[in-house]
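Shown next, in structure tokens, is the structure this report addresses.
The first chain written gets the first letter, and so on, giving A, B and C; residue counts start at 1 in each chain.
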Amino acid sequence: MTLNQLTAHEAINLIKKKRITAYEIMQDIFNQIDKVDNLIKAFLVINREEALKQAKEIDKKVKNGEKLPPLAGVAVAIKDIIATRGTETTCGSKILKGFIPPYNATVINRLREAGAIIIGKTNMDEFAMGSSTENSAFGPTYNPWDLERVPGGSSGGSSAAVAADETFVALGTDTGGSIRQPASLCGMVGLKPTYGRVSRYGLVAYASSLDQIGPIAKDVTDCALVMKVISGHDNMDSTSVNLEVPDYLKSCQEGIKDLKVGVPKEYFIEGIDPEVKGALDKALKIFEKLGAKIEEASLPHTEYSLPTYYLIATAEASSNLARYDGVQYGYRAEEYEDLSSMYQKTRSEGFGSEVKRRIMLGTYALSSGYYDAYYLKAQKVRTLIKEDFDKVFSKYDILITPTSPTPAFKLNEKVSDPLTMYLSDIYTIPINLAGIPAISLNCGYSKGNLPIGLQIIGKHFSEETILRAAFNFEQNNGVEKKKPSIKPAKHKEAKK
Amino acid sequence: MKKEVVIGLEIHIQLMTKAKMFCHCSTDYIGKEPNTNTCPVCLGLPGSLPVLNKKVLEFAIRTAVALNCEINQVSKFHRKNYFYPDLPKAYQISQYDIPLGINGYMEISLPESKEKHRIGITRVHTEEDAGKLVHEGDIASSSYSLVDYNRCGIPLAEIVTEPDFRSPEEARIFLVKLRSIVQHLGVCDGNMEEGSMRCDANVSLRDAKSSTLGTKAEIKNMNSFKAVKKALQFEVGRQKKLLAEGIEIIQETRHWDESKNVTVSMRSKEEAHDYRYFPEPDLLPLKIDLRMTDEIRRNLPELPEARRERFIKNYQIPEYDAEILTSSKALGDFYEKATSLYSNSKVLSNWIMGELIRYLNENKVGIEDSPISPEKLVGMLKLIDEGIVSGKMAKGIFEKMFKTGKDASKIVKESGITQITDKNELFEVIDRVIKENPRSVEDFNEGKEKALHYLVGQVMRYTKGRAKPDFVFNALKQRLK
Amino acid sequence: MTEKIITKKEVEYVAELAKLEFNEEEKEEFTSQLNSILDYFKKLNELDTERVEPTAYVISMPNLLNEDKVKPSLPQDEVLFNSKYVKKGYFKVPRIM
């Protein structure tokens, strides 16, 4: 076993006990990256030298007997949509290729202060628009469990990197499921915080009222560790909430006896893969065994969440992405006649087709004459969706659902039909609309050895509760703890 | 059918906070090297977010309160989306359907008729300023524009009036008063030439008895109060002529050309903008409770009207003087400082309204940069009171004070032009003049008063104005008896 | 056949607003794709939302207001760093006609 295969909390412990050094950890991390990333392609940028340097500094601190910050020596990979000072930040897009921010996102500063070592930036669907990482301008990322399949998206690179032991933890972002779904498809733990729990300063905006940064990790404990560090009020973000950050680790330890669990019937419709349903049923029995009380619940407006999401997200995106015009930074077209054509050519050449489609939709929804029918209508339906959750959480502590209706699908399987792709988001989107937290974690594997994810949803600022439920399930679910073998297709025997 | 002029104004004022509206860059951007007064927030870099400067809110509410607006208890920011190189986010954070203040008014006084006219204030809201463009090259060859973002994010308050002006002069009077108000409020320095106060106008004509508005033209690019009046006069004239010829007015934006003194249509360059307003998701709705508004109202600085009344009452100066002295905050401050050092407030008023303002205007210097401070002015007046210089001499000294910035006593010392107080010296000159002008003496003895004035004049000539005229007058009379 | 919600002309207008350009083939494709998506959005009309308030902000909390304090700006070279189209400290763009 190599050091990169540890969890973050295991590594921290060993560093503290001086059994291993941070430098040794980094060496194993980069060895793994060198070994597998040409197959997985999780990373866009790797900060090898800087990481090794920081590892040495941690080791010096250990040697001097200094008190270590909470994430000392922990390798963290960052989704390329989060601003890192001095390191290229592309958002998976040609239009930002070469862009080097002169500042750090708040979460980056918090991770650095906590002693974490940022090892690189990970691949993603362009501007977080997509659920497979196939929309990246720099090529797809491949699922470590089956290199012919997608890792999910839009935080596919982050999720794959953690699953492939190329990093301990990663940061992803979630606007409509982009942390939870890839975590589910890669067998990892991914948490989308309550809207406002984690600062968005430095998060390149897709849909401002839906975006959140969150951790992707190998287990619930690591997830809680990172949440403790990145959460909390930020003076640079007017939408970040001024609420104390609880000790997420501590709250994991308590049991879940008498926890009231709701299972929304609208999530178990036709189209759910029978193996996913089977894994969920098994998981619910485990919760019952642990003392939870399980009942059927209802979120009657679930079916309206997709059009609602797409109208709000694309409208906000059309405005957020208008700044990419080639004037100050990023791609600028080489040939144009005047200012207007410079804008048009830059944006048309720099953006991929999914991004352009969403910008067009959003622009249309906000345009004169259509605002009431589309955007305003969607904001009203959003209220109804939020109220569904308010009602349900007056009765239940958490909701349990699948994270994705299917395990990881094959590359190119769904990209051609945009509507099909949208449908696969149905389990995750309502959560963003309501602004509530949710965590995805592994609950089993399909016959094809593909991970199946379970989603635990809580009410606003109940991260403690969902982490506790997740931790208890993780410790008692009897699911085999395994790692992907990361073999390229030609090495696989006729396994099909 | 007599045509009535209908004008509405849209004014933008830069708020004098220390930091910009949504970030901590300085608002002191004028004269700075390009792109040295910016940060990720006002540059709109990917991932940046706005946080409202509380002083901006305070200043904007102060302005709305002073304009008698109702203050909305909840106010929202909206995004106004359009593409332009001086707008880095490709949207401006502004306000749309729920501004800070609504339904206000300001009364203006028409000078000849003394009639009071109430101008409705439709709304007061805040928004961020954009950057600046500099154009280079000529239109034919490879021309380009240069972008400087230093001004991005400077806080603005937008004040929109009802179309209540009935003449260009009214609009000008309003602007002068508004400038004085915002200066007194301490929220803006009201400098149209430097761009801290900007004005666009909507102009239309209608039949005198009608209540329906005519088609309006929007006039932009007026960079001084004088330009506003000239532009509006031109536009009213242009529309009158067209209507008289039976030609319809086209709704369009027109640009004031200062060099040609005409408004020019911008129609070919204008596209109807679809701004796609929607609530700014990065800023929560502003909750402005009554307590905050009341506190601002209670602590409102003295407004020009109130100051004018106080000047009339406390300093016993006529309304005309008070009106001029309160036409700008700086001028009022100057006067008050002077009155704290010298009791004859009317004399001060005369000197300030007369000589000082004349020199300031001639040399295009603002009162804030006056080389003669209140202390220096009072210093000079004291010399007159003490008889060291005469009133007439003082005018010459004043000019020197303005040109050199030196104080009166220094100038007097350096040029040795003190008033002659030595009676013997004076009588010497008086006796000489009497001796040299027998004819005038004769005339005087025959009862011609004019001759005495001539003799006084001669004494003044000999003493190069340094004799005290009253004394000379009486002394001559005495001698001639 | 479903009634067209958005015409090709409207697609062109929206493209102009968004400063995007498409060739004829792309315009056709976009028009049909957008139409099927917008058709799907009609679903929202099934809900009566007349008395429902829109949720523009999913959280409610006191306004965050910053102090009126000046902090250092970015140095000019960092501001200009990401563009090769700069001159005398300015960003250079084609002339606005």
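Basically, a residue touches a chain if its C-beta (ideal position, glycine included) is under 8 Å from a C-beta of that chain, and two chains touch if they have at least 3 such contacts.
This one's a predicted model, so the numbers in the text were calculated from it and none came from an experiment.
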Would you identify the shape of the chain contact graph, picking one of line, ring, star, complete or other? complete
Which chain, with its centre taken as the mean C-alpha position, is closest to the global C-alpha centre? C
Where are there more C-beta contacts: A-C or A-B? A-C
If chain centres are mean C-alpha positions, then the most distant from chain A is chain B
Taking each chain's mean CA coordinate, chain B and chain C are separated, in whole Å, by 41
For chain A versus chain C, what separation do you get between their C-alpha means, in angstrom? 24
Gap in Å, rounded to a whole number, between the CA centres of chain B and chain A: 57
Find every residue in chain B that makes contact with two or more other chains and list them. 40, 43, 51-52, 83, 85, 145, 147, 274, 276, 281, 284
Mark out which residues of chain A touch at least two other chains, giving numbers and ranges. 99, 102, 209, 235, 237-239, 318, 322, 325, 327-329, 339, 343, 363, 367
So which stretches of chain C touch two or more other chains? 17, 19, 56-57, 59, 61-64, 66, 74, 79, 91, 93-97
Could you pull out which chain B residues touch chain C in their complex? 17-19, 24-26, 33-40, 43, 51-57, 76, 83-85, 133-135, 137, 139, 143-149, 269, 274, 276, 279, 281, 284-287
Report the residues of chain C in contact with chain B in the complex, numbered from low to high. 17, 19, 56-57, 59-71, 73-76, 79-80, 87-97
Chain A partner contacts - residues on chain C that touch it in the complex: 6, 10-11, 13-15, 17-22, 30, 33-34, 36-38, 40-41, 43-47, 49, 52-59, 61-64, 66, 74, 78-79, 81-83, 85, 91, 93-97
Report the residues of chain A in contact with chain C in the complex, numbered from low to high. 98-100, 102, 195-196, 209, 235, 237-242, 301, 303-304, 306-308, 310-311, 318, 322, 325, 327-330, 332, 336, 338-340, 342-345, 347-348, 351, 356-357, 359-361, 363-364, 367, 374, 376-384, 386, 418-419, 433-435, 460
In their shared complex, chain A is touched by residues of chain B numbered 40-41, 43-52, 79, 81, 83, 85, 88-91, 145, 147, 274, 276-278, 281-284
